[in-house]
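As structure tokens, here come the structures.
The same chain A turns up in both complexes below, where it pairs with chain B and then with chain C.
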Partner chain A sequence: MFTLGSVLDNDFKSTIEDFSFETEFSTNQLMLPNIEKPFEFAQSIIGLEKDLQENENQLMFHQQKKEERKERALIKGYKGTTTLAFIYEKGTVVAVDSRATSGQYIASQSVQKVVPVNEYMLGTLAGGAADCQFFLAHLGRICNLYELRNNEKISVAAASKLLNNILYSYRNYGLSVGSMICGYDTRGPQLYYIDSDGSRLKNSLFSVGSGSPFAYGVLDAGYRWDLSKEEALDLGRRAICAATFKDSYSGGTVKVYHIDENGWVKISDDDASELWYRYEEKEKKKK
Partner chain B sequence: MDSLVGFVGKNYVLMAGDTNAGRSIMRLKDDFDKLVQVDSHKILAKSGEIGDGNQFCNLIIRNVSLYRINNETELTTKSVAHYTRRQLATAIRKNPYSVNLLLGGYDKKDQMGSLYYLDYLGSSKKINYGAHGYAALFVGSILDRFWKEDLDFEEGLELMKKCLREVEKRLIIGTRCFVIKMINSDGISVVEKVMINSEKKNEIEEEN
Partner chain C sequence: MAGKNCVAIAGDTRFGVRNQTVALDSNRIFKINNRTLFGMTGLNTDILTLRESFKFQMNLYNLEEEREISPKTFAHNVAQTLYSKRFGPYFITPIIAGLEGEDYTPFLCATDLIGAMEFPKSFVVAGTGEESLMGVCETFYKENMEPDELFEVISQCLLAAVDRDALSGWGSVVHVLTKDGITTKRLRTRKD
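Take a look at the complex of A and B:
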């Protein structure tokens, strides 16, 4: 059975004895059946015996019970989020909400959706919380090792490519990762979108999560390369606020980070609903 | 949702692809180049899943480079097509790559361009003109009607724009931005990064 401990042991052993790139950076300890879509198979067998006893008509079983089996499946995901990031002249802005939902239930209003990879790189979390947290923390370990070995800071492009290759090797295992790697390196501010399907895209702005269409609306309307720092932070904050207002799966607090050549800094942490009414009052005062 | 179009002309190959990269209904990036360079005279146009496309094309490009380093000779387009097909075919029943490809290349030895149509199932065919994705539905008939052997570069470019205009006009999913690349004896060149706007009425007549 997969355990975090066994993965870490393997990493440490191999760093001392074996300098091979593959074994050291691999996390291939998941023990799932050797078939095409092991995760879907695993989900499908949960509750199988009980259902077979209840319903002998196999065809109806497959059609009707599929939803029920999915609900009873032990592997559930905490989905629903809004994260965004964009690069501009002076650096990178990252803004996230902090709500985690499990179906109709709000599991938490204070989730940390930004994971620091190192002092000048942040990773955002969307999709499966456990998957993102583990792989981003693992990426942090790899980047640290790279710096120690090569005596230079790893570039954002290289870090995102490492994560991309790892996630690609797990592409049919049912992982759910929609992460953005945001940072500032020798090439300036950089932003990559990494997916559990194996995609890796480079662009100047991204938004990921169930509330991303709403965030894109505000973001696209206000984005320019030559924003001032205040304007950029305000844009990120307003976009997440708009998404939390419209999307029921996003909410909690709005956290804004800024990355420049000195590293990343957490700028603000505001309650989403309060923020919305604060903006409304500002508009009223203007009029 | 990706559109790729390609055809062979007089001593050149013209290829075009849309520049959208998206996830479900959202466009994440509108300058995503799907026509990757394999070596100085070959382009692999990829469509399908982004991750599979990236990794598979990287595999092909690196192995072609390795061959060149080991054997000090460039591979022909036909060889690359065969190698690519073999990789797709061996993977299909174990670890399938969901990529459809168009391989275009110019061989100095034969002094002519060639185009190969490759499928995720491991099929491969040398073609004069072809397309992948939804574009294939619209563009297939245009190319059947208007393509002929030994098209000049100007005629070829006009034919390509005709195809892309049709894709933009009829495909309900917005695909306005395309990149057109050409391979000839001088190598690969980006002809145009074009944004088609067929809202202008009688556009074809205006240009004529």
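Take a look at the complex of A and C:
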């Protein structure tokens, strides 16, 4: 029988074993409560709107009203965000806002929604802040280990696939991750969208969050493959600014990053409201 | 908010549908007469309907009584109108601010959606950001403020509270009512 193991050296074999589920990324890595139905318990302590609606039939909480359950929920999801990323000829542009809301209360205007995975890859944060931060940092660890073992940089496709597999194993546990893995590798600029439902999508532009419909409007209108660097950065900034204006749950500051073959760079960090007033001035002057 | 022989009402001018901001210029504070200002928050359609309804009632009052209505009487009128819809209420929270009597004593009144009145001496708040507003007003309010100081204080309170509420903002207006008249100013707020 011609198996993969017999063809490869022992050295190669160990690296493949390292990537198997039983060792590095085993599903038992995160501790689960020692009760009968951990999935249902996990659902009951999460207060995210989406999960409460979806699982109303599955769980045996028919009598309890949604509001009561939300009150009981220990983990309140900080939702409301706009993040976008797109690839173009010269690299990848990532732009995010910085607001976190809990219901209609603005919890913070200074959240870091871009988490660096390594020097040439960025991950964006949308959905549950703790979930995204942990898993993106974990992805950074895995990518670092890969580089040390294999003496080559991990591709964005592989990194996103690793994260995807981990998140799929925690599917239905109430995680909320809507992250974009953006980077530049040997294949050029790359962009993947990873979801806590287990989706992994590849495209040239994405926008995630409550303000994404508004950002898409500006982004789709202005996007071309052969944008110049200045135009691309301006497009990303304008799209987030438009989303912060239209969407109540997005706002704070607009941060723009650029990734090319030299790695990622933070380009600008502007107050969303000031930016809007500046764009308004420019429009008035044009007329 | 009440000051020394003056009152001020401030509000934002956003009209939105859930998370989307639809308009930036929806005015919710109306002048009833030279002594009374009336502001409402809540369901926009009810605000528009009640504005027309109260305008109609006040016009009739002026014609019949041949005098201007006092703020206290107007507040009771509002409460009565709201309670008449006790089992199918208007979804609004009104605020009435005015200057009462010969010596222009400040008068404030807030009611809930079915007309339960409250007459505080210092300030009244309403809206999606009312909890934040309550906190800031409590901190910055002091008694017997002159009109200029009152304007400063109420503006800062509104701006601070509105920046902590996702559903408020996108423009704001402040009216200061003294015995000499009403001064209206627009504040530059965050548009995110």
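Here is the rule we use: the second predicted complex is superposed on the first by the 227 of 287 C-alpha atoms of A that agree within 3 Å, B and C clash if a C-alpha of one lies under 4 Å from a C-alpha of the other, contacts with A are read in each partner's own complex, and residues count from 1 in each chain.
Keep in mind that, in the parts below, contacts are C-beta pairs under 8 Å (C-beta built on N, C-alpha and C of every residue); 3 or more make two chains touch, one makes a residue touch a chain.
All values reported here derive from a predicted model rather than from experimental measurement.
S.K.: What does the overlay on chain A give for chain B and chain C, a clash or a fit?
M.R.: fit
S.K.: Of the partners chain B and chain C, which touch A:Tyr216 in the superposed model: first, second, both, neither?
M.R.: Touch status of A:Tyr216: first partner only.
S.K.: What is the contact status of A:Arg99 with respect to chain B (first) and chain C (second): first, second, both, or neither?
M.R.: second
S.K.: Counting only touches as set out at the top, which of chain B and chain C does A:Arg200 meet: first, second, both, neither?
M.R.: In the superposition, A:Arg200 contacts chain B only.
S.K.: Going by the touch definition up top, name the partner, chain B or chain C, that contacts more of chain A.
M.R.: So, of the two partners, C touches more residues of chain A.
S.K.: Which holds for A:Asp131: it touches chain B only (first), chain C only (second), both, or neither?
M.R.: neither
S.K.: Where does A:Tyr168 make contact in the superposed view: on chain B (first), on chain C (second), on both, or on neither?
M.R.: It touches chain B, and chain C stays clear.
S.K.: Look across chain B and chain C in the superposition and give the shortest C-alpha distance you find, in Å.
M.R.: So the smallest C-alpha gap separating chain B from chain C comes to 16 Å.
S.K.: So in the complex, which bits of chain A are touching chain C?
M.R.: Going by the criterion above, the answer is residues 80, 97, 99, 101, 104-106, 109, 210-211, 214, 244-252, 272-273, 276-277.
S.K.: For the complex, give me every residue of chain B touching chain A.
M.R.: Counting only chain B, the residues touching chain A are 21, 23, 26, 28-29, 32, 49-52, 54-55.
S.K.: Which residues, counting only chain A, touch chain B once they are in their complex?
M.R.: By the definition above, chain A touches chain B via 164-165, 168, 171, 193, 195, 197-203, 206, 212-213, 216.
S.K.: Can you check the complex and tell me which residues of chain C touch chain A?
M.R.: Against chain A, chain C makes touches at 16, 19-21, 128-129, 132, 163-167, 169, 188-192.
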